[in-house]
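Paired with chain B in one complex and with chain C in the other, chain A is shared by the two complexes that follow.
On to the complex of A and B.
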């Protein structure tokens, strides 16, 4: 392929990546070092609101932003360096807690609480997704052709459902006296409240994620299974390899690049866990890094939002993903280079 | 067949007849953005009768409204607001004074409806709302419990109901982490006589009243469904309707649903009373809901919008929806359902102290109080951490130097 054709093919996608990925990223990066504040003034304000039987009027000092001549709020932009990062990480409190080996109080700081959950969530669901996906793929591959279609269709269903809707439907099965809770209560003959403590919600969230993502792993593995060298498998049978040994020494090595691929995607996706927090409304017990960013960005009743801290938190999330991906990326890179030689 | 046709045309006539129940023919496109609860549905459906009107009913309106009104021209001409959500619009100067429009078209309005800021009317209220006590009259009578007036009496009543075992949980509460839980603390803390801010906008909740409020909230949760941290107004309303709880401090706007035979199994059994008092006054805050008109709209549009809005707040609308809310609009006949709000106001409940600082404080409370209720922190630490969270965001917002 000559340089011109190459550029014509790659150019648009590089342009779009710069526009939609690089540019926002740089803007967020910059925003995390600056804060924008309105200029405030304190004024006497008399406010009258409905009361019984007559209005109540209150005169009080109110802090309100100054409006410029164009009718917009006057703002100042200030460089603050790493202050927003410090506000998110709260290193003093975290360090004090670490020194005292008091993990309980470390986990009351929002960022560290979110990091703890996000990491646990990511690392626990990863092997489960790969395991369940592989198990379904092998089962389907061994099933007779007649029922293969329906099985594939049914196993793909969870993946088709919109994540938030899926999370909500699982929540409704379990919340209060939902069908599943009622069933469990009847079966175990005891009172169960799945949403009254953190660990049960955490389990439900992980269960939901595995249920939702395993079909994706399944589809990829199933495709991979179609390309396993049948001769190798046959010779393994002749050599007396058991079913397990064939899986362990022939099938899995063949699928290894796919396993790495699924792991990469899953790590990136589940480190940004968010739908589960909203769907299961677990904020009281469990929050994730992505949710933290979202919470900082959400304006309150009075319209305040913490853009700088949200940017810092978003950058920290990205750094976290990169750190997690490094080992896998290095492996892929080495394999890639090895393949060329 | 002929009969059916006649009936059908009669119906059509009736519908078009109702559709012209507006005092003018609107030809300027008018859009509104408001919350989506029953009262707004009622008001906007009457506004729609003027024609060329589009209502957006969205419970997440508060996140859209400031930006939508800051656009020029504004994306909506009419905005539905409450105490809290009025603040960003006022701060950014995106709504207009309504005095001249009221003079022309607001003959039906009462003085109580006009929200005045420094003498200028910036919003027109249509209803008031407050959290107040709802209780199962049958249960309280059976057990010989008088209607609780203070929170200590609420606890005593709850203990008796629990011993009697007549419901799953004696108390229900809108304790969902976030805005709801923050509101519960605000109610209780004001009821205890607390002040939120010092002179330089610093937080002053780390005190006796703060601890007392947290302790009272925790005592209440002992009589609630253990899943209280995910229970919002709708959840508590359903708990009532399904006969699972006996008492709750719930929004007046939910009162009508208790007697809705399509949803409720306890029709006629749930009665209203004022919010229980804490040490100083009724532990509740008074809210109003009403309309504002965008500044970034032409005078012609604003005039049309205001006339449309006035046609939503008519005695006919109130007559058709009397029990949906505690209306401020003329023609409202306070029924038994309004008793709760009236008694709450009489017991000294304050209006919600909406301001920029309060927005930040409310968020910090909503995220922070749960740690005490779950036992992750003690009361002192919880209040100190909430103050610290508030200080961080207030500094970032520029409210504290």
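On to the complex of A and C.
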């Protein structure tokens, strides 16, 4: 295939990706160094109220935005350097808190709070997703052929349904005196309210994520199990390997590439955790990095979006993605070079 | 098929693995099943702490809205017969009536007609007939299972949820069509080109896939809001404000989805033997002709699978739609946030539940019809590494 035909085939896709992924990235990077703000002017305003015998007039200075000819507020763009980053990171407070070893006050800063939650969330759910997915795949693989179809159908449900709704459906089981809360209260014989403190919400969010992603891991592992070499398994049996040893030394090594694959996808996806925050309305207790950017982008009460701070927080989020991807890219690069030599 | 004795599982292991599977199935389906049950009950029943009163809905029954034994039996029979028809008769009728090259539109029309027929019978004819039956039959006709559709009526009719539904429809149809058209071409090109450039495009696409969507939206927002002024020098007075326009969101979602789409389609195209298009090239076709006449007829399984995932992305999206669309043309998923943030009365809460169930019902159908394609799509990228 010559270069021209290749360009014709790939062109539209590349164009879209450049326009809507690469260009926004660059513009976010630029935005994070500038702030856009309305131009204010100070005017003397004389307000008079009717009175007798004379009007009472008060002259006061008022700060008001300058309006352009079309009646819109005139804005200026100003270079502020790293100020937006400083606003997001609040290094002074963070450093003071770190020096005093006071993690509680460090976590009152939105960014560090979000980072703490995002990392905990990612690292705790990862092994659970792999473990649960693997367990389901192995048991389904051992089950009779007839029930496999229905089980795959049911397992796909949590994976396919809209994430926000999935989170909501779990929330509704626990909210107020919902049946799960009632059950837990009866079981543990104490009062429970799942949404009154942070850590219970965090637990529910992690539970939701495992519930949501384990089916994906299950389907991938299940497909992998179909290609396990039966001869190797049989020879392991002849050599007297127990069930556990066969799993440990034959099946798991065979699935290793898939485990790495699932881990990577899961790391990328759970680093972007967002829908849980919406579904569980946890923003008062737990926020994630992506939610932080989202929140800054949402218009506040006066209708302003803090684009600059949002851009700064977006760029900081990107650092995590880069850290995550560098080992992967290095490996691909080495494979690519090795493949050509 | 009998396995050798040494491979057979001991009783304890079989029991515990059966127990584990049963537990998993319960866990996977329970929350969804439960909100579906809740959505049909009075608020008092829906949020009752006793599970039995959620299922049977005594408060709902007390106000005279419910199903009698007769209704349940007849309704179940109709449902079972519908499924039976859909599995046996429908494929036969569709294949008989449509010529092979129009099989996809044929199926769409067949499915729509079938669904309409079912809706008319189930919601139009059945209730009055059962009303008469119940009044004749005495004790058997007494309602025992509380059921009310009033929350659905409130959501869809009074709160105009159908507008959000139409917006969702526009956006998903747009995203699926455009991203498949663009993605198929690119996927084919990448699969057939062994060049280093193709490799790098795929790697960059992988990096793009990992980007959080909020990062990208932070880049879109300022230009989208001011696009009328930015584009005026080029387009004159016709310059549109991109913010709040469904087609702008379609373009955004298509692009965000592109990395995934081209990776997936590329792996499907690699499974189509190269000899096919080489044969066409030998016969004098250009690359485009080979693609049109040789590859297109055999690529549909891969395209359908990728289309399913594009559909899911567009349908399930919350972040992009909620930030780039305004309240007038919001899609279903962000619109539901309006319900549960409002949640002042328990009726509001049950309405939110009903809206949520309405959103996931189409997905449920989707898995039923396309389970095989979804599974093959999930494994396509993974098994090859």
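Criterion: the second predicted complex is superposed on the first by the 282 of 341 C-alpha atoms of A that agree within 3 Å, B and C clash if a C-alpha of one lies under 4 Å from a C-alpha of the other, contacts with A are read in each partner's own complex, and residues count from 1 in each chain.
Keep this in mind: a residue touches a chain if its C-beta (ideal position, glycine included) is under 8 Å from a C-beta of that chain, and two chains touch if they have at least 3 such contacts.
What you are looking at is a predicted structure, and each value in this text was computed from that prediction instead of being measured.
Peer 1: Once the shared chain is lined up, is A:50 touching chain B (first), chain C (second), both, or neither of them?
Peer 2: After superposition on chain A, A:50 lies in contact with chain B alone.
Peer 1: Who contacts more of chain A, chain B or chain C?
Peer 2: The partner making contact with more of chain A's residues is C.
Peer 1: Which holds for A:16: it touches chain B only (first), chain C only (second), both, or neither?
Peer 2: Once the two structures are laid over each other on A, A:16 reaches chain C alone.
Peer 1: Return first, second, both or neither, reflecting whether A:101 touches chain B, chain C, both chains, or no partner chain.
Peer 2: Touch status of A:101: no partner.
Peer 1: State whether A:196 touches chain B only (first), chain C only (second), both chains, or neither.
Peer 2: The first partner, chain B, only.
Peer 1: In the overlay, answer first, second, both or neither for which of chain B and chain C A:188 touches.
Peer 2: Neither partner.
Peer 1: Taking the superposition on A as described, I'd like to know which of chain B and chain C A:298 touches: first, second, both or neither.
Peer 2: both
Peer 1: Could you look at A:329 and tell me whether it touches chain B, chain C, both or neither (first, second, both, neither)?
Peer 2: A:329 contacts chain C only, not chain B.
Peer 1: Using the superposition on chain A described above, determine whether A:281 touches chain B (first), chain C (second), both, or neither.
Peer 2: So A:281 meets both chain B and chain C here.
Peer 1: Using the superposition on chain A described above, determine whether A:65 touches chain B (first), chain C (second), both, or neither.
Peer 2: After superposition on chain A, A:65 lies in contact with chain B alone.
Peer 1: From the superposed pair, tell me which chain A residues show up as contacts to chain B and also as contacts to chain C.
Peer 2: In chain A, residues 175-176, 281, 298 are touched by chain B and also by chain C.
Peer 1: Please output the residues of chain A touching chain B within their complex, sorted ascending.
Peer 2: Of all residues in chain A, those touching chain B are 35, 37-40, 45-58, 62-65, 67, 71-73, 76, 84, 87, 104, 108, 110, 175-176, 193-198, 280-281, 283-285, 295, 298-304, 306, 308-309.
Peer 1: Can you list the chain C residues touching chain A in their complex?
Peer 2: For chain C paired with chain A, touching residues are 6-7, 9, 13-14, 17-18, 20-21, 24-25, 27-29, 31-32, 34-35, 38, 47-51, 54, 182-183, 185-186, 188-190, 192-193, 195, 197-199, 201, 203-223, 251-252, 254-256, 258-259, 262, 286-288, 291, 312, 315-316, 318-319, 323, 333, 336-337, 340-341, 349, 352-353, 356, 359-360, 363-364, 366-368, 371, 374-375, 378-379, 381-383, 385.
Peer 1: Which of the residues in chain A end up touching chain C in this complex?
Peer 2: 1, 5-6, 8-10, 12-14, 16-17, 19-28, 31, 36, 135-136, 139-140, 142-143, 147, 149, 151-158, 160-166, 168-170, 172-173, 175-179, 181-182, 211, 215-216, 219-220, 223-224, 227, 234, 237, 243, 257-258, 261-262, 268, 271-272, 274-275, 278, 281, 289-291, 293-294, 297-298, 305, 307, 310-311, 314-315, 317-318, 321, 324-325, 328-329, 332, 336
Peer 1: Would you mind writing out the residues of chain B in touch with chain A in their complex?
Peer 2: Going through chain B, the ones touching chain A are 62-63, 66, 70, 83-85, 87-88, 90-93, 111-119, 125, 128, 176-179, 181, 201, 225-227, 229-230, 235, 286, 288, 295, 328, 342, 345-346, 351, 354-360, 362-363, 367, 370-371, 373-374, 376-377, 381, 385, 392-393, 396-399.
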